[in-house]
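The structure's right below; bear with me while I get my questions together.
Order as written gives the chain letters A, B, C and D; numbering starts at 1 within each chain.
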Amino acid sequence: MTVTARPLPAYLVSRFNGWRATSYQDNKAWYRRLAESGQHPRAMVISCCDSRVHVTSIFGADEGEFFIHRNIANLVPPHNPDGERHGTSAAVEYAVTSLGVAHIIVLGHSGCGGVKGCHDMCSGHSPQLEEKTSFVGRWLDILKPGYERVATLPQDQILRALEKQAVLVSLENLMTFPFVMDAVADDRLTLHGLWNNIGEGELEQYDPARGGFVAI
Amino acid sequence: MTVTARPLPAYLVSRFNGWRATSYQDNKAWYRRLAESGQHPRAMVISCCDSRVHVTSIFGADEGEFFIHRNIANLVPPHNPDGERHGTSAAVEYAVTSLGVAHIIVLGHSGCGGVKGCHDMCSGHSPQLEEKTSFVGRWLDILKPGYERVATLPQDQILRALEKQAVLVSLENLMTFPFVMDAVADDRLTLHGLWNNIGEGELEQYDPARGGFVAI
Amino acid sequence: MTVTARPLPAYLVSRFNGWRATSYQDNKAWYRRLAESGQHPRAMVISCCDSRVHVTSIFGADEGEFFIHRNIANLVPPHNPDGERHGTSAAVEYAVTSLGVAHIIVLGHSGCGGVKGCHDMCSGHSPQLEEKTSFVGRWLDILKPGYERVATLPQDQILRALEKQAVLVSLENLMTFPFVMDAVADDRLTLHGLWNNIGEGELEQYDPARGGFVAI
Amino acid sequence: MTVTARPLPAYLVSRFNGWRATSYQDNKAWYRRLAESGQHPRAMVISCCDSRVHVTSIFGADEGEFFIHRNIANLVPPHNPDGERHGTSAAVEYAVTSLGVAHIIVLGHSGCGGVKGCHDMCSGHSPQLEEKTSFVGRWLDILKPGYERVATLPQDQILRALEKQAVLVSLENLMTFPFVMDAVADDRLTLHGLWNNIGEGELEQYDPARGGFVAI
């Protein structure tokens, strides 16, 4: 086994030491209990890896509240039990069948680089993403059905519309998992679709009755 | 398109409105700039979905600092450009080739349910995880080489050792990606392996010279 | 004086600041008036400490509406003016004689841990609750007359029946307080017995005519 | 058994039906899970019965987060295992030994009628509260040591000071319970003292280093 690893940068060591001397010290009892009793999160959040999205901040979440999966463009692929590795499907399965979360919140956001990549690829402007070996490209294939629905929109609307499609496609795909469908049917699980406008600090949620996103 | 979605619970709406009126309002300029200039994160963090791990808290991270991918047991699969969907590989590719992050930090933790699942499966105590249709089981196959290395340890040491293997296997697999290997070779990227003891608020990092994890 | 106290966890500080910037700011006039004119609640609610019971939520209560006493298993002891400390009796006395509330609502609920403790103690399965030094055990003695009435019910009915007895015993005990009895006789006060099924979101109320609880 | 009870007022029935058709319906999965998995609250809150104090609102608390005991003037009596009924002591015992909460938050507030009663009684202006049969008076005896400390303050400062003493006396008394003292010593429990200015929407917390309350 050869492992390549370097010491953590000093600024992160400093910050960690500061956290340990303050937040950890003041809440040691809670961390101890979390360690001993295990996690009982009430919700799973599926959000983008984007560094500008801090789901714990905008919802004032404490350690232990949200089971958080983050991937490029907050995408959930359709159910496909082919024996291969599916990290997102594994996270959803664990959240629903082992942890019994009551909510799955899909959280999209403005200015999503992954969504833009999908748009560029689907509109023929990013040939490298079309290559078989592009992990980003193949991952963004999940969003292609969403692109089809918005492809004819004016240029200045299409990216935002596609960001919201990333939420909707994920919500649709979630319902292709038998354990999600069953839990929703049994009222053990509810799904929520959100889109966060980073620059404006706004949150919109999908309203099936209106067929669109509405500001909270 | 039929999308199943319900309104966000009221307590989350309240909290978001509170965040918007305070943190957002106080830092609007920064959010605006983040929205306009895009993200320029300095590091990618690969951590577990576990609700008890708040990487932004322990490192006092601001919006824009960390590109965060979270999956079950903070695992990175080996490079496998087969044209299929690989969410983790896509996130790593995007972070290294598009964002040019300087660090990739793999952050493991104590009491990891995914790691325990791998242990139970590999030791024959969880047949359902061995089934082809188990997304969790197939995902945890990534950690099997780690299990082989610690399988003969005493019962009271094996889980913690396997949690650290989850970090090491991921670090090893990261180096099978050509774009990671090249960036590390060119000193454009450094890798870091951490393990967080949740109850004790401690952080250990992998030190290749000692061949083990050392407290920070 | 040595007082042990630590700073409030950061997530609660954040949430409070958010509340202050929104709900408080939007309703400052009402809070100011509440502060200046004192409280004039129309009802007293006696409910359990259980974290799953939010009496203000299910009744959409505004600040100032309900004078709320919460204890283990929503119990009221019988009138016993022995000069000792009786927190529940003090709360009832204050509500009726100082505030002049028009209603006292005793609110029981499903899955009550206190009621289960009483059942276990009375059926000989919890010796530690029988000890003189057990505060929980001695408090639950209040419910013993209720246990006697349901002790012979089938095992799958007894806990729910005892939860409802916790409401009825409290209603009976309330009438042993002279100031309650007088206020009820003078039509200045009415008593109400409710039982909340948490999982089903249902509310049942005691109907003396039928001698049982009936869904609202 | 003769139980005096009347039907719930229509306005409360209406509000409950509205809650059931909206909040409950939208979060049925969470209520179901709360019912099935029991409560795992992270904190106990000891607050006043005062109708103007909504602890769940100011902290954006969801069902399941806070185990809430409410009595007159948020008082905790000293440890006194005499085999009598002690509702507050029972609630603290249950929270610490059965639920294993990580925090106990004592929340005082401005304009507290109970605190004013204690002041009037101790300064000889409320003879009826001195009677043996006054439940309110006997309950407020708990706060007498706090009154002694502030009795010589100017008239316009004494009530506010006594409200804060109600928090401090409770924090001191909490530490007389062996199971509280042990849990604090073992870092399984932390105590917090807060005082809420209702009219101003402010929160102060006790800081032992400064020996006083400081705005959050």
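To be clear about the criterion, a residue touches a chain if its C-beta (ideal position, glycine included) is under 8 Å from a C-beta of that chain, and two chains touch if they have at least 3 such contacts.
Each chain and its UniProt protein: A, B, C, D = Carbonic anhydrase.
None of these values were measured; they are calculated from a predicted model.
Taken together, subunit C (Carbonic anhydrase) and subunit D (Carbonic anhydrase) share the touching chains A, B. On superposing C-alpha atoms, the copy subunit B (Carbonic anhydrase) sits rotated by 115° relative to subunit D (Carbonic anhydrase), to the nearest 5. Comparing C-D with the candidates A-B, B-D or B-C, the pair whose contacts agree for more than half of the residue-numbered pairs is A-B. The greater number of contacting C-beta pairs, out of the two interfaces A-C and A-D, is seen for A-D. Over half of the residue numbers at the interface between copies subunit A (Carbonic anhydrase) and subunit B (Carbonic anhydrase) are found on both sides, making the touching surfaces mostly the same.
With centres taken as mean Cα positions, subunit D (Carbonic anhydrase) sits 39 Å from subunit A (Carbonic anhydrase). Distance from the subunit A (Carbonic anhydrase) centre to the subunit B (Carbonic anhydrase) centre is 13 Å, each centre being the mean of its Cα atoms. The multi-chain contact residues of subunit B (Carbonic anhydrase), meaning those touching 2 or more other chains, are 6-7, 9, 14-15, 17-19, 23, 25.
Interface residues of subunit C (Carbonic anhydrase) facing subunit B (Carbonic anhydrase) in the complex, by the touch rule stated above, are 14-15, 17-19, 21-23, 25. Of all residues in subunit B (Carbonic anhydrase), only 1-9, 12-13, 15-20, 23-25, 28, 31-32, 34-36, 38-39, 41, 44, 49-54, 56-61, 63-72, 75, 77, 81-95, 98, 103, 105, 110-111, 113-114, 132-136, 138-142, 149, 168, 171-172, 175, 184, 190-194, 197-203, 205-208, 216 touch subunit A (Carbonic anhydrase) in the complex they form. Within the complex formed with subunit A (Carbonic anhydrase), the residues of subunit D (Carbonic anhydrase) that make contact are 26-30, 32-33, 37, 40, 42, 60, 62, 64, 100, 102-103, 183, 187-190. For subunit A (Carbonic anhydrase) in complex with subunit C (Carbonic anhydrase), the residues that touch the partner chain are 23, 26-27, 30, 57, 60-62. Residue ranges on subunit C (Carbonic anhydrase) touching subunit A (Carbonic anhydrase), taken from their complex, read 6-7, 9-11, 14-15, 18.
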